[in-house]
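Common to both upcoming complexes is subunit A, partnered first by subunit B, then by subunit C.
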Partner chain A sequence: MDLQIALLIGQDGVTSGAIYALLALALVLVFAVTRAIYIPQGEYVAYGALTLATLQSGALPATLWLLMGAGLAVTVIDGVAAIRKRDGRAWGATLGWNVAYPAVLVLTLSALSPAQLPMALQILLTLAIVVPIGPMIYRLAYQPVAEASVLVLLIVSVAVHVVLVGLGLLFFGAEGSRTAPLWDASFAVGWMTVSGQQICVLAASAALIVGLYLFFEKTLYGKALRATAINRNGARLMGFSPVFAGRLTFLLAAFIGTLSGVLIAPVTTVYYDTGFLIGLKGFVAAIVGGLASYPLAAAGALIVGLLESFASFWASAYKEAIVFTLIIPVLMWRSLHSHGIDEEA
Partner chain B sequence: MNPLNPPVLEVRNLSVAYGKVEALTRANLRVGEGQIVTVIGPNGAGKSTMLSAIIGLLRSHGQVCFDGRVAVSPEVERMVDGGMSLVPEKRELFGEMSVEDNLLLGAFHRYRSGERNYREPMAQVFALFPRLQERRRQRAATLSGGERQMLAIGRALMGKPRLLMLDEPSLGLAPLITREIFRIVADLRSTGVSILLVEQNARAALAVADYAYVLETGSVVMEGPAARLRHDPRVLDTYLGLGGKHQDMLAS
Partner chain C sequence: MSGTATRAMRLLAGMSGRSIAAVKTPSRGVLAGLVLVGMAPQFLPEFYVTLLNYIGLYAMVALGLVLLTGVGGLTSFGQAAFVGLGAYTTAALTATADLPGWLAWAGGSAWLALLIGLALTALVAVVLGSMTLRLSGHYLPLGTIAWGISLYFLFGTMDFLGGHTGLSGIPPIEVFGVPLDEGREIYYLIWAFLLLAMLTTRNLLDSREGRAIRALKGGMVMAESMGVDTSRSRMIIFVVAALHAAASGWLYAHMQRFVNPTPFGLSTGIEYLFMAVVGGAGSVWGALIGAGVITIMKQWLQDVLPALFGASGNFEAIVFGVMMVLILHRARDGLWALIARCLPASRATVALDPSAAPLPHRTQPSRGEVILEAREVTRRFGGLVANDRMSLQVRAGEILALIGPNGAGKSTMFNQLSGVDTPSAGDVLFRGRSIAGLAARDIARLGMSRTFQHVRLLPGMSVVENVALGAHRRGSCGVLPAAWRLDRDEEARLLAEAARQLERVGLAEQMHEEAGSLALGQQRILEIARALAADPCVLLLDEPAAGLRLLEKQALGQLLRKLRAEGMAILLVEHDMDFVMGLVDRVVVMEFGQKIAEGLPDEVQRDPAVLAAYLGDVQ
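Let's turn to the complex of A and B:
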């Protein structure tokens, strides 16, 4: 291996590392706020990529039906509660978000011919379809067991993951898809060639990370989410409901996952079950940060990305095994440096 | 029954059970406008349980009338929005966040309903607790016990509550700091906020309060104006002890 090849592989590793970083941040966020290990995080990647591919092929993506179905289920549960409490405003909001919004989206998409739309609009539509599924899943699967133990939440996560992968097969079939390139250009930088696609991925990841940082550091809603992660009861006493925190978190996680899917779709063939493996690598990165530290998780993601691309050069048959083996030394190192949890906040 | 004023809070027949064990049995209580009302009683009498049930952290039976609304097993968010604030026994601060951010979050429910002015209440809190202003950039976890209690009270005041509920504010604090906290509680009366104070330190609580309830094993066993209970022989024997001159001094 000479320097040029090493650079090429490194470049590849950094690009996938950027995607893993996004997923790792989402996993840390979901765990911190709701204590759920969010295995279905990867499914948003597949749903995002495949929804965009379906739109580009000119068809209506089946994720729309999932959005409508989940929306109806939420309406039944929350609507009944709102009627019982005679809370007209809550009833209206539930109906608006879970029935009216998906219906408007279906009508808009049937009226337009999505294949002819500009790429940016297709991406926006993809986000509009897939992202709201996140809070609905929170409402249906996690909110009823929000106070349960981490183990119960993990089991729920496994169940949701299996359901979503199954639905993915039903919606998109077993065939993989690719989307049109985001930016079809390439630049020579010294010995390296940098593609427009790589620039898009890195720029989008960087922008999202900065955006998340500003959200959590500068806005009161961001601070309230952090506060919920630190002390749920304390946040509740400030009037910030854990239910709202959960929905907001799942909305952010779905947004991050779907955007990651859109970013990788032009370079990787995405199948209905591709998301799981990608999400799992994000999880390895999140473990490097102890499921608690955002910067460490991002750094871990870069290591995972680089390790993966060098492993696939030297021993491509073992590349997944090598990446997942990383978890063992990390856990050993963490167990040496962890001093238990400070109970009193 | 506490006769004064129109009540800010009225609790009727409030009961709480942990499984089959009843921790609070048919308690009745009223807090008038601008009053300081205290609930005293021994450890495990159900004092904290009562506050948790009133704000909705625990499920309960019976009625909680606050802010003109009658609720059965109220919801925390609603009560907070209505102007109720609880400073819990464990303080429940956001340890890894700065003092200033902790205070800001105290104003969260007002911010959500469109009232974005936090400078004025924060200036008031800093005037009340100058120590917090000095430490406003420090992480809450690095504060001393007394400062944490100040921060917890300050955070609650940021929401401009109509009813402030304090759960054992003197717990674990040095006597001099306890004294300062009680001085501030007495001062808060002038700001118009009503206070429901739960205390084991009966002497200090009765010194600042207008009206008092005595809670024993989940039931209200005695009530009356604080000035009268201070001299009631049963209270004297059980809660104030004999020869408590030292305590009296600290509570003054």
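Let's turn to the complex of A and C:
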């Protein structure tokens, strides 16, 4: 291997590392606020990529039906709760977000011909379809067990993952898809050639990371989420509902996941189950940060990305095994640095 | 109690699988079931025998998960990989014609391959466990996901394991020279393995080690304070679960006579977990029910769903996933708990043998001997000095109270004394021996026993078993004797000791009730009985009167006086001045981490520094 190849592989690694970093941030966020280990995070990647691909092919993506179905389920459950409590006011908002919004979206998409729209609009539509599924999933699967142990939440996560992958197969079939390139350009920077795609990924990741930083540091909602992560009951007493925190967190996680899907779709063939492995690599990165530290998780993501691209150059058959075995020294290191008895085990 | 707390308690109780060992046992039903199992291959068509074979194999893996998840509060998604390890080990050893020279001795015999597979599995489980079990609970499942995926890819890429095509030509297992090469024949071996596994698991849970394993869900600090090595207990159940899986894999390989990587992937690992949770992770029967329901439903859904959806694929997973979420929402204990509720069986109580020989006692120190001593104990948290050169002594036959306003550092001091925390400077001496830095469980073994400010019991376990947990370090029988019921003599002695301590504190009547059903006052007394079961010479009580009603306080006071009269050294941290002043011999008062007064209750009550601390400076 000469320097040029190394640089090429390194570039590749950094680009995928940026995606893993985004996912790792989402995983750390969800775990901090809700204590759920969010295995289904990767599914948004697949749903995002495949929804965009379907839009570009001119058809209506089946994720729309999931949005409608999940919305209806939420409406029914909230409706029953509203009747029991004899309080119909909150239900109005539920109806708006879970029935009216998906219906408007379906009508709009049927009226337009999505394949003819500009790329930016297609991406916006993809986000509009997939992202609201996040809080719906929170309402349906997590909210009823929000106080349960980490173990129960983890099992719920795995169940949701299995359902979403199964639905992914039903919606998109077993065939993989790619989308049109985000930005078909390339630039020579010194010895390297940097593609427009890579610039898009890095710029979007950087923008998202900065945006999240500002959100958590400067806005009231961001601070409230941080407060919930530190002390749920304290945040509740300060008037910030943990249910709202959960939905907001799942909204952010879905946004990050879907955007990651949109970003990788032009260069990777995405299948209905691709998201899981990508999400797991985000997990390896998040574990580097102990599921708590954002900067360490981002650093871990870069390591995972680089390791993966070099492993696929030297020993492509063992690529996945090598990446997931990375978790072992990480766990060992964490284990050696942990002391005392962990009460919340 | 607030609504949330009640809800959390209920959820906890739900996941802890109420009364695992004392689960309703419909023994007549079990016998009828055994007869049915024995007869089944004689009258069922081949298809159903095969289905039952699969159910048996899956149930064995799910059983390991019952132990791990339902009882121990851990979980693993890598069980399918352990199944694969068992299956591939035997496949490689029995089906490869030319084993390399150094391995030639191991080839040819399926039974030898079973032993090697189990040994290999235990080794992998110990390595994985030692990396993840010291970390908080969610690292183990994440670690097992990674391990499951890695092993799956390795099965698929290694040439000597046949790559993705797999290995074929695996010979049948021979039992006394008879090859089991038909489904109807290996059926008996599979179900014998399963029933044996269920029996030994139930035996294990109903033993000293089993109580330690069940204590894992009651919080690590509590279990450690009772002398339980929680890392070891967690390792035990992880290894046992892995061994169950490997044995299932061995049977699977010789039933199919062929292995490839597909059935050992992560999605199968998840399916095993579904079986345990759907069936009921709190009971050995749950594994069987779960394996049965999931296997049969899968069979049926694979016929129905593709027709319904007009496409082929792994659609049954959608149904299983939704079912799983619903079960976790609505019936955390799984299907078995629903079935057990309908059975007329009576609740089995723990059998007690009052004639069992008493356990050996330590020689109690003579009255007046200094049992526990803190010397200049300082504990800093960053810049905060929570304990500043605190010294105190507790003697045999006296009650010392440690009091002080909120935030004075009493709880920190309690943690320094009980080994939950280590002082930054200074020393803690137990009967003249330094114990600063020792683990809580080692301190417990020396003869220091404690209760908790917030009662920490195993609510689903009977009162007497809860107390027996306190005597953990006075027994020594391990996992294997427990599994094969060779521990009954020691077990009877431990339970008899627990019963004696319950009589001593006046809770004999509640002996067989569930600990969670007692009133708070009784639960605090129960904690004292549990502490006494360790045969201690000093008791540390953390706010024993908190939340008690007047009569309960009086009963507690009487009990403590009685223990003092018997020569016990008692240290209590308390807020309730009325309770303290009428009861204790000496008082140590803390404020801002320092000792501000020490002496007889009357003296301390008149001390100006103490009055200032409690009431503010009187000008």
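The definition used in the following text is that the second predicted complex is superposed on the first by the 334 of 345 C-alpha atoms of A that agree within 3 Å, B and C clash if a C-alpha of one lies under 4 Å from a C-alpha of the other, contacts with A are read in each partner's own complex, and residues count from 1 in each chain.
Simple rule for what comes next: contacts are C-beta pairs under 8 Å (C-beta built on N, C-alpha and C of every residue); 3 or more make two chains touch, one makes a residue touch a chain.
If you're wondering where the values come from, they're calculated on a predicted model, not measured in any experiment.
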Which superposed partner A:S335 touches (first subunit B, second subunit C, both, neither): second
Touching partner for A:A159 - first (subunit B), second (subunit C), both, neither: second
Partner, of subunit C and subunit B, that touches more residues belonging to subunit A: C
Subunit B versus subunit C as contact partner of A:I230, first or second or both or neither: first
Contacts of A:A82 with subunit B and subunit C, given as first, second, both or neither: neither
Touching partner for A:L208 - first (subunit B), second (subunit C), both, neither: neither
Contacts of A:G239 with subunit B and subunit C, given as first, second, both or neither: first
Touching partner for A:L127 - first (subunit B), second (subunit C), both, neither: neither
Doubly contacted residues of subunit A, that is, touched by subunit B and again by subunit C: 233, 342, 344-345
Touching residues (chain side subunit A, partner subunit C) in the complex: 37, 140-141, 144-145, 147-152, 154-156, 158-163, 165-167, 169-170, 173-174, 233, 277, 280, 283-284, 287, 291, 317-318, 320-321, 324-325, 327-328, 331-332, 334-335, 338, 341-345
In the complex with subunit B, residue positions of subunit A that touch it: 220, 223-224, 226-227, 230-231, 233-241, 342, 344-345
Touching residues on subunit C, where the partner in the complex is subunit A: 4, 7-8, 11-12, 15, 69, 73-75, 77, 130-132, 134-139, 141-143, 145-147, 149-150, 153-154, 157, 216, 219-221, 224, 230, 267, 270, 273-274, 277, 309, 311, 313-315, 317-318, 320-322, 324-325, 328-329, 332, 440
Complex contact set, residues of subunit B against subunit A: 55, 57, 76-77, 80-81, 85-86, 88, 90, 92-97, 101, 104-106, 108-109, 111-112, 140-141, 155, 159
